[in-house]
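Let me give you the structure first, and then I'll get to my questions.
All chains are identified by letter, namely A, B, C and D, in their written order; residue positions are counted from 1 within each chain.
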Amino acid sequence: MPDKDFREILKKVNQFEISNNTDIIELINSLKETGFNAKRLALACEIYNEMINQSDCVKFFGLAGALVPAGMQKVIYDFIKEGYIDILVTTGANLTHDLAEALGFHHLQGDIQSEDVNDSYLHKEDINRIFDVFMPNKIYEGIEDFVSKLQIPDMQMSISSFLKFLGEQLPKNSCSILRICAEKKIPIFCPAFTDSGLAMQLGFHHQRLNLNHFADMLEMVNLAWDAKTAGICIVGGGVPKNFIMQSLQFCPNSAMYAIQITMDRPEQGGLSGAALREGISWGKINESAKYSTIISDATIALPLIYWFLKKKQKETKKGY
Amino acid sequence: MPDKDFREILKKVNQFEISNNTDIIELINSLKETGFNAKRLALACEIYNEMINQSDCVKFFGLAGALVPAGMQKVIYDFIKEGYIDILVTTGANLTHDLAEALGFHHLQGDIQSEDVNDSYLHKEDINRIFDVFMPNKIYEGIEDFVSKLQIPDMQMSISSFLKFLGEQLPKNSCSILRICAEKKIPIFCPAFTDSGLAMQLGFHHQRLNLNHFADMLEMVNLAWDAKTAGICIVGGGVPKNFIMQSLQFCPNSAMYAIQITMDRPEQGGLSGAALREGISWGKINESAKYSTIISDATIALPLIYWFLKKKQKETKKGY
Amino acid sequence: MPDKDFREILKKVNQFEISNNTDIIELINSLKETGFNAKRLALACEIYNEMINQSDCVKFFGLAGALVPAGMQKVIYDFIKEGYIDILVTTGANLTHDLAEALGFHHLQGDIQSEDVNDSYLHKEDINRIFDVFMPNKIYEGIEDFVSKLQIPDMQMSISSFLKFLGEQLPKNSCSILRICAEKKIPIFCPAFTDSGLAMQLGFHHQRLNLNHFADMLEMVNLAWDAKTAGICIVGGGVPKNFIMQSLQFCPNSAMYAIQITMDRPEQGGLSGAALREGISWGKINESAKYSTIISDATIALPLIYWFLKKKQKETKKGY
Amino acid sequence: MPDKDFREILKKVNQFEISNNTDIIELINSLKETGFNAKRLALACEIYNEMINQSDCVKFFGLAGALVPAGMQKVIYDFIKEGYIDILVTTGANLTHDLAEALGFHHLQGDIQSEDVNDSYLHKEDINRIFDVFMPNKIYEGIEDFVSKLQIPDMQMSISSFLKFLGEQLPKNSCSILRICAEKKIPIFCPAFTDSGLAMQLGFHHQRLNLNHFADMLEMVNLAWDAKTAGICIVGGGVPKNFIMQSLQFCPNSAMYAIQITMDRPEQGGLSGAALREGISWGKINESAKYSTIISDATIALPLIYWFLKKKQKETKKGY
């Protein structure tokens, strides 16, 4: 922060208002002139929009947290469909839940206090709980049935290649993340793949399977290296965040744009909550990068960001 | 939770989508069928709308946190103007910042990394920092000038009476919370009033001032007692939350509706983060109440709730 | 941060160990050379010890959160008894709970999952819940009985004078914070006093009571002004934090030592979670102050700090 | 919670005190009768001690977060050396940092405000920042040098076998987690191994490496299945938590003891912050299990737990 110029960059806080004509673009533009997480949300929207507008920007998207069970599958699907994601890094859990929905199974939600239901009761009823969302245990039977019949072409293929193969086997008319990524040739990386119910079923039924994790790791460094401009959006931290970050660390490139949506904080020193500016010291993020961390549940922030981007991009295409 | 009926109340999670025609009402209605804080936000919107629609519902609104500096003054002003708040309980800090804006002073905000600016530098420049919002120290001179000239009618009046008097002295064309409350005869309670810059200036210039805090405390119990239906919305916790809660505790009444927007959590045992259901044990919240806690920065959640309510109420009035 | 010297101040992280002879002093001294909150805890211990050793240091102690119900009454009592607190600022709730214990009533705790007990059941049983601690509602009757018989000497005395009077009425052999403060002439400030069950009972039974909050506010500024060296320890934030901070803001003095124990974070802009360094911009904390924020439940950090201080002070007195 | 018996299980909260003779065992025993996280810490100590005392209990330990950089390497080493851990699941990052320390490199820490140092400056100086801990980038050269010379016996061995091989190559007189696990035949699982600097260097220098992740996944289910009694201790959540939990989910067994130390919370629905009782619904945790979640930075809680266990176990062996 060049302190001498600081007074000059200060502007009036906008006591913003909602009018009859407020739309998502006006809301976000107004919030940009406020403070705290509202402002950071608005800055994140603006940064993401720039990432999309810059044609040589490769958009890395890290996704952790149980977002598919929480009803965010279609939003992520749309991020991919609209071209807002070039490389997806996620958890095995999200892929397991995505597969379940793609095969026609559903996660369940209840009334306002359903998170207080007794867990022993749920266990007897064969219902697994994810805070206030529920997953009937029999969904695993459906996944098992599907997985056991897979004709895996190569027991030593990379995980990303396997996930592409998997996506191609899924019904066309679903909102599956696996399916749309396969269609649009968006690679999915999943470094902790064996930490998932999907991998468990694969392991039980395909005993010789040894998907190559190292191939993905090296491929990811190449992708980071080759990106003319690198932009990253991190949802929830975890392994997806670190995997994207280390790829930028171990190549000469660094991110010019960075967005982070998380409830984790920096003080306990874990990577999930680490401030984005800390990434500058590691060479993961460029010192002239634009970045914004939003402390928010992704189920609130992600739909708003998508809503903004979709409307904004439509306007851009129309030549506004 | 009557476990036997639990399976019956479970519904499919909605993998919701943003379409070209999405508006705030559709967004919130769709999020209601998802999970985590997105669902809780939607439930809070629905509960608040019910509170407004039920004509005998007295809407208690507790407001803590530096929301005026963060650009939320106009949103709160509009909550009051539209009749969404019947009784306001807030902090001296918010009133101090509201007065500053009403007198024509402004809070300032800077570019994306302004929260990292050096605090010693700011001190030399006479700029006070509130995370990423800035308040020039000379604003206090403006407040002092105004406060020193006040002709306070009664040195022992209640704080709420004093705040009404104060609001009446403010310019008509401002978005002042103090002004609109005075105009609409919405009482403002501020139990920790002397914990503020405004009270400090009052104390310096009106040495015999002894505003009656006990009168407010008892008046507040009466208001809680007389409410045919009590509904509460708590932003940020703190003294405003407890003051509303204790009024319901010390009368036979209890809240039928309760909303809470906070980043605090229950595990360390403080009241700010206490779960709303805990209020049932105290008789503050009715055991058949509808309630929802949103873990979110209020600068994100509050504008969305207001946006929803305003559009929904407009539709309701049109007879949709 | 003078960057040029930065490499020189860096030292090896201590991979610390617990030996057969580890005591609390060795533990804290070792943790000082680690990282994250362990290090911050150790720094806070060291800073507090310096505050005690510096004879002209006035130690302001802000206490928010339900610490008396959680079994921390005796620790705070000992802080006062040992002379580690010169001025106490706290919430009405803590004083209400302190009074209850002083009158022979008790808070209750249960087995490992007692926080999950049904709140409607508790309400029927007249038991109030504070997360995993319970307060039988009949305690209020005991408080009421005591309060109704009080012969308050002056209906317009300051709150701190009233609290001194109150402490003098309490049994000598209790661990009451009110009692020990009265005995040791440690002033207690409680800016949000009417936000408490104790004030409620006072208001019901002494209708003409109008304790002077403004007198306390001004007295507190004088105490801050007169402190040769000011040191502050903030537990939990809230009104006690702000009240201490504003006293330093509205006088030429500023804190040379500052400790903060909280679970609140800076990003949502509330004062409770504000970084201590932010206080430098306001002139509340000196730019050359030593300070440390510990992100921790106070029920864990406070006993450890007291344990360290007591043993360290004993050694100091022995001339180690 | 059998409500009828609830009143009977309630006991007085202990207003605990520190005396001249307080030791860690007395401290923890006293805190057990308090509330909030102090009580939960004490319960966790007691539960872990029971796990150790029960000879057929297999103790699964999940470790996430940058604990080695923060000076916790020796504590974890001692947990293993003393026999308090039977199966370790951790992150690649912790193993990378452990290897660095084992090879004679060191993490660095600075003075009280070192977390505010400018990240661009650090980048120029080739120093990587982990909140307030620093890692000179040249450490990677040391790791690379070591890794490049490794004579890996089998390119398709499981990760746990490879980590055992790796530990055997390390100097005997270090406090390395890898070394002590190899010596004591404690398996280390690392499901997200390729998400680490260590794996990156391995991949660069051993291009045909394809360590078998699936073998570990299946082996882990067998270990969970075979455990007469399963006990788990989760530090920090993440992949290690889920990997332990899924092993218990996919076998008939479930944990009889469970401890969790984390700063994550349940409301956003991620597994890291999920309540332990939620694990009951999945069959991961037994409905009659003893469990305790401590909301605390592990750098504070873990040393205290170890200190308690070591002293308690010494007493037990002496026949107290």
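By our rule, contacts are C-beta pairs under 8 Å (C-beta built on N, C-alpha and C of every residue); 3 or more make two chains touch, one makes a residue touch a chain.
The structure presented is a predicted model; accordingly, all values stated were derived computationally and were not measured.
Enquirer: Quick one: which of B-C, A-B or C-D reuses the A-D interface, over half of the residue-numbered contact pairs in common?
Expert: B-C
Enquirer: Looking at where chain C touches chain D, is over half of the residue numbers used by both copies, so same, or under half, so different?
Expert: Result for this pair: same.
Enquirer: Hey, how far is the Cα centre of chain C from the one of chain D, in Å?
Expert: Roughly 33 Å, centre to centre.
Enquirer: Taking the mean of the C-alpha atoms as each chain's centre, how many Å separate chain A from chain C?
Expert: 42
Enquirer: If I count partner chains per residue in chain A, which residues reach a count of at least 2?
Expert: Only 35-37, 69-70, 127, 130-133, 263, 265, 267-269, 277, 295, 297, 299 qualify.
Enquirer: Flag every residue of chain D that touches chain B in the complex, lowest number first.
Expert: Per the stated touch rule, the residues are 35-37, 265, 267-269, 293, 295.
Enquirer: Using the touch rule from the top, collect the residues of chain B that touch chain C in their complex.
Expert: 64-66, 69-70, 93, 115, 119-120, 122-123, 127-133, 156, 191-197, 199-200, 202-204, 209-218, 221, 236, 238-239, 242-243, 246, 249-250, 263-274, 277-283, 287, 297-299
Enquirer: Where on chain A does chain B make contact in their complex?
Expert: The touching residues are 1, 3, 6-7, 9-18, 20, 22, 27, 31, 33-39, 41, 43, 68-75, 78, 101, 106-114, 116-118, 121, 125, 127, 130-134, 175, 263, 277, 290-292, 295-297, 299-301, 303, 306-307, 310, 314.
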